[in-house]
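You will see two complexes here that share chain A, one where it goes with chain B and one where it goes with chain C.
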Partner chain A sequence: MKVKGNMAYKPQYGPGTSKVAENRRKQMNPNQKLKKMRDVTDEDVVLILGHRAPGAAYPTAHPPLAEQQEPDCPIRKIVTPTEGAKAGDRVRYIQFTDSMFFAPCHPYQRTYTECYRFRGIDPGTLSGRQIVECRERDLEKYSKELINTELLDPARTGIRGATVHGHSLRLAENGMMFDMLQRSVLGEDGVVRYIKNQIGEPLDRAVDIGKPMDEEWLKANTTIFHSLGDSAYRDDKEYIEYVQRIHTLRTKYGFLPKE
Partner chain B sequence: MAKIERTQKLFLKSLKEKFRGQDIEGGTADYYGFDGIRQSPRKMEFLKASRAIEMDRGIPMYDPERAHLGGIPLGQRQLMTYEVSGTGVFVEGDDLHFVNNAAMQQFWDDIRRTVIVNMDLAHQTLQKRLGKEVTPETINEYLHVLNHAMPGAAVVQEHMVETHPGLVDDCYVKVFTGDQELADDLEPQFVIDVEKLFPAKQAEALSAAVGKSLWQAIHVPTIASRTCDGGMTSRWSAMQIGMSFIAAYRMCAGEAAVADLSYAAKHAGVIQMASHLPARRARGPNEPGGLGFGIFSDIIQANRKYPNDPAKASLEVVGAGVMLYDQIWLGAYMSGGVGFTQYATAAYTDNILDEYTYYGMDYIKDKYKVDWRNPSPEDRVKPTYDVVNDMATEVTLNAMEQYEQFPTLMEDHFGGSQRAGVIAAASGLTCSIGTGNSNAGLNGWYLSMLLHKDGWSRLGFFGYDLQDQCGSANSLSIRGDEGAIGELRGPNYPNYAMNVGHQGEYAAIVGGAHYGRGDAWCFDPRVAICFADPALKFDFAEPRREFAKGAIREFMPAGERSLIIPAR
Partner chain C sequence: MTDAIYPQVRIVSTRFLKPETAEQLLNRLIQVGGIRRMSINGPNLPATVPYGPARGQPNPHPDRKVIRVGDQDVQLQVQVGTIILELEDDSYIPGIEEAVDEVFADKGFSCTVQQGRYMKTKPTVSDYARYGPDADEKILGLVDPGKKGGPTIIQGTR
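Moving on to the complex of A and B:
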């Protein structure tokens, strides 16, 4: 069975004439390189995730997949496995909480972005958190990109496995998003450090993830419409009309839209 | 869509009280210094009570400072109080959990213990088959006997056990009819008087709908209903009806005609408040999962008391509906746990949904010239796609902007599901009241959900993906000859069956269409009349006020057992 190499369909990455819409398209489009903002190391990522100790072997399927008799599965023949899948890694996760006060990324936007940029993932989207699950060594690679690029702000993006409360709360006086476990803290030097892993277990050493972005950068790069951020939803008429159109077509024709 | 000016924001008073001494439009706050649960008098009461219980039973109990998150208790942020919308009463959040609120329990008890039973079938049997005379006098005698028997007393046999009247004092039977002449001939303590209880226009419509038939509104004892289930109500009722006919009309207990009376009381002439559920969710009749939205809107009586304020009438349905469908049905019967209360209370606290809904009323008056304070089918707007899109979009955008401009408001509704339910409810209510069409209201709800999701890139929990992103396709897209769609749907409609934060609002959207048209009822006039009865323990015209009374421990319920337990 042959799979078509190039799709005839060219993704548009969503409607809208506003800066927010443009930022959304930029994040989703895998042909646009995400700007690197900080340099959190591989070991630091492993510490924040909390799934294995740095340097420990990946727990994998046993006996190794190569020694197991693979079923005669047509899907396995057409899909190239990721490194983690090939190795039989566990499926683990990273979960984010994004402040509605102009965090750079937000739950559905995260999911769409990940789907366009990563392979072999299973994202879950809620209001106060967004989780992505995948094979462990793939996860570490993807997590590094999610943490080190413009998708994250140290103060307004939280990496939280549980007890995520905070995305819609006012910011703390020092500009940090509320986290009842205070997994990350703002130092007197202006640098944010994780002192607990994403599930809230204390770390042996703090992990430095850099200084929070300033308000101007956040408002210019956010992907949430917000009337106090010079990005009122109602001002992007194309976006509103697009959603209304989708709704009307679904109402008229169910999930077989036509005009 | 175009934003309209509205200076009176109903939620401001609540926010100022909840966040006292703080700038409610400010974007920052103090955290982590509130001494955990010790900031809350109610949690401290829990702690004290638990210590006494532990000493008594020797098993640990409420221990939030150790058991919650390994030693980090609730209250790292300010634990807020809540104003029950439309009441001015501030309460602790804990007191809105149905376990802590006697009014909420009684609300559901009063529905579950109710059936409506026709009398005409029985009277025909008595007159035509047995040749007995049925007159107002004999009906009065029968009702006297029935009000003796229904709470659990014997009427025919010797040497029977009976129930203690002090335990079943909430049990009684009244009748109603559209025949005012007959109603006037019956003893007034037995009659739900439609003419006296309803506004004239509603009374006229209700009386015409009921006609000359005579119906019994039956409320079996709360204590019996709680010990058994909703399926018991019609059986308890039918047995006492049968025995009372035998006694009042001097029938032979074993004659075949008794079977006709039983059949009428148990099957042919009985109206359950809720239908039974399929095996997979097996419940008998009169359990919340079978309580359709149309009937629910008839049970709530705010439209009778406030006929010129369809928004308020609908908001009362929301409050009652989320309490029953979210807190009790989905939250306890179906799911378990305590989290659903937090979702549900958002829709009936702090006047937030109220503000968004009245914004919608101002909008339909301003743009479409709908005189919503004078409900009538005449000036409702024809529910076209454009109209629904316009109304729902404007109300949704306004609500989102309110959350944005008042960060304390966003913090109040800290969960996306809370905001999504409230924004969509205001949008749906505006469409249903504005058009007088419940299906248009549902359609407006679903557009609101799509707009919300795209604007903030988030919506509610996973369940909102399930039903709200395909809801457009099951509203306004169904053949017109399957009319009264919203009225007939209920919490077990497949697409609605699993998600908190929807069903109470759907019921209100259905009700709103009828309240907006000035209808006297939404689905069944007999249910609307039955729950107008002032003798009921719970006042169904003011559910939110009653819940507030329950929260501040001023509501007296039925079914108490103090008579038969040791004094403390």
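Moving on to the complex of A and C:
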């Protein structure tokens, strides 16, 4: 999805002068191509998601749009359906947990990023996890992008459909985020492999998602403020000013001020 | 329950411990001696998937292991993050600190020993309501007394 060239204003994506703010803007801006970090195949993505067997046909929720009568609706004429919607796919999900220890992305950031970059999605943002729902065919395409790019670190990001606990806990001795179900394992060779799908069912074969990034890269690319380890939120004056302005305006609006 | 006269320490590492490291640390602590009670805390590692679509399926976890502490086998049910000790008196604390420093010298992350009050000294009304009048006071406030399998007793030299 591209931002239209003829827009009346240039989107700013977010305030802030810090490195963290810069990383946030970079991820949100759909004109900025996300750096490709690893090569997880389509089949691997299907295995991790666990919604259907690799190679199986997409189960459908309704007949393809071309085969059914569409009501006369002006909105349907404006909006082009996505591939998944066109085929009548089921709505399925992928859910991420991001460690507070400098994960490259975090729930709110993921939602903003996805809304700017993808179409036909329904993200759900929670403190420790972020879920995105969409048509299965689209989901696999988007998931592949979310996994293969700099939005994911094999050790500090977890693909977890259920039992997500771990984002605010200490890391394990080997640097992996705590996972009750141990879906991904750091091998002797330093490569992280998914041995269970996102809901914790064992996979027939391990899915290789590459080596964890080093601490230096994580700190340079994180979108999380962390006063103890890296850039502190309060050091970014512009960010604070912006958030305080919104907070003040919202509070005042609660009292319905008369201009 | 405990008498308030016994000092307590809490050992907190900056990372969760592997079973091997936990085993090494616990065995080193036992050598120091003077430990009345010990509790190992951390996030639970359930034997079966607790919720979600895969609920009830077995959950093989490499860190849910049996470790050997002293002369006893201990089934780890958590990822070890914190160890709480109740000591016989203050004189054992320097020894504990030394033991911790020794174990974590080459681990690449730190571990602190804190002093304070980490175990309950009196049962609360909630404890009474939850576990009844006959709950085992030795473990009340440390673990769920209703849980099957009592405490592991590691014999000292005395």
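Please note the rule applied: the second predicted complex is superposed on the first by the 240 of 259 C-alpha atoms of A that agree within 3 Å, B and C clash if a C-alpha of one lies under 4 Å from a C-alpha of the other, contacts with A are read in each partner's own complex, and residues count from 1 in each chain.
To be clear about the criterion, a residue touches a chain if its C-beta (ideal position, glycine included) is under 8 Å from a C-beta of that chain, and two chains touch if they have at least 3 such contacts.
This structure is a prediction, so every number in the text was calculated from the model and none was measured.
Applying the stated clash criterion after superposition on chain A shows that chain B and chain C collide. When the shared chain is aligned, chain B comes close enough to touch A:248, but chain C does not. Look at A:161: by the touch rule set out above, it reaches chain C but stays clear of chain B.
Number of chain A residues touched is higher for B, counting chain B against chain C. Residue contacts after overlaying the shared chain place A:181 against chain B and chain C alike.
When the shared chain is aligned, no partner comes close enough to touch A:34: not chain B, not chain C. Touch criterion met: A:169 reaches chain B and chain C at once.
Look at A:220: by the touch rule set out above, it reaches neither chain B nor chain C. Once the two complexes are overlaid on the shared chain, A:115 sits clear of chain B and of chain C alike. When both complexes are overlaid on chain A, the residue A:199 reaches chain C alone and has no touch with chain B. In summary, superposing the two complexes on chain A brings one listed stretch of chain B into steric overlap with chain C, and the stretch in question is 543-551; the others among 183-191, 453-461, 525-533 or 543-551 show no clashing C-alpha atoms.
When the two complexes are laid over each other on chain A, chain A has residues 163, 165, 169-173, 178, 180-182, 200 in contact with both chain B and chain C. Listed in rising order, the residues of chain C touching chain A in the complex are 13-18, 21, 43-46, 49-54, 57, 59-63, 79, 81, 107, 109. Taken in their complex, chain A has these residues touching chain B: 24, 100-101, 106-109, 124-128, 163, 165, 167-173, 175, 178, 180-182, 200, 223-228, 232-234, 239-240, 243-244, 246-248, 250-255. Residues of chain B that touch chain A in their complex: 1, 3, 26-32, 69-70, 72, 76-77, 385, 389, 393, 397, 400-401, 404-405, 407-408, 410-411, 413-417, 419-420, 443, 446-447, 450-451, 453-462, 465, 470, 472-473, 475-477. On chain A, the positions that touch chain C within their shared complex are 161-163, 165-166, 169-174, 178, 180-182, 185, 199-202.
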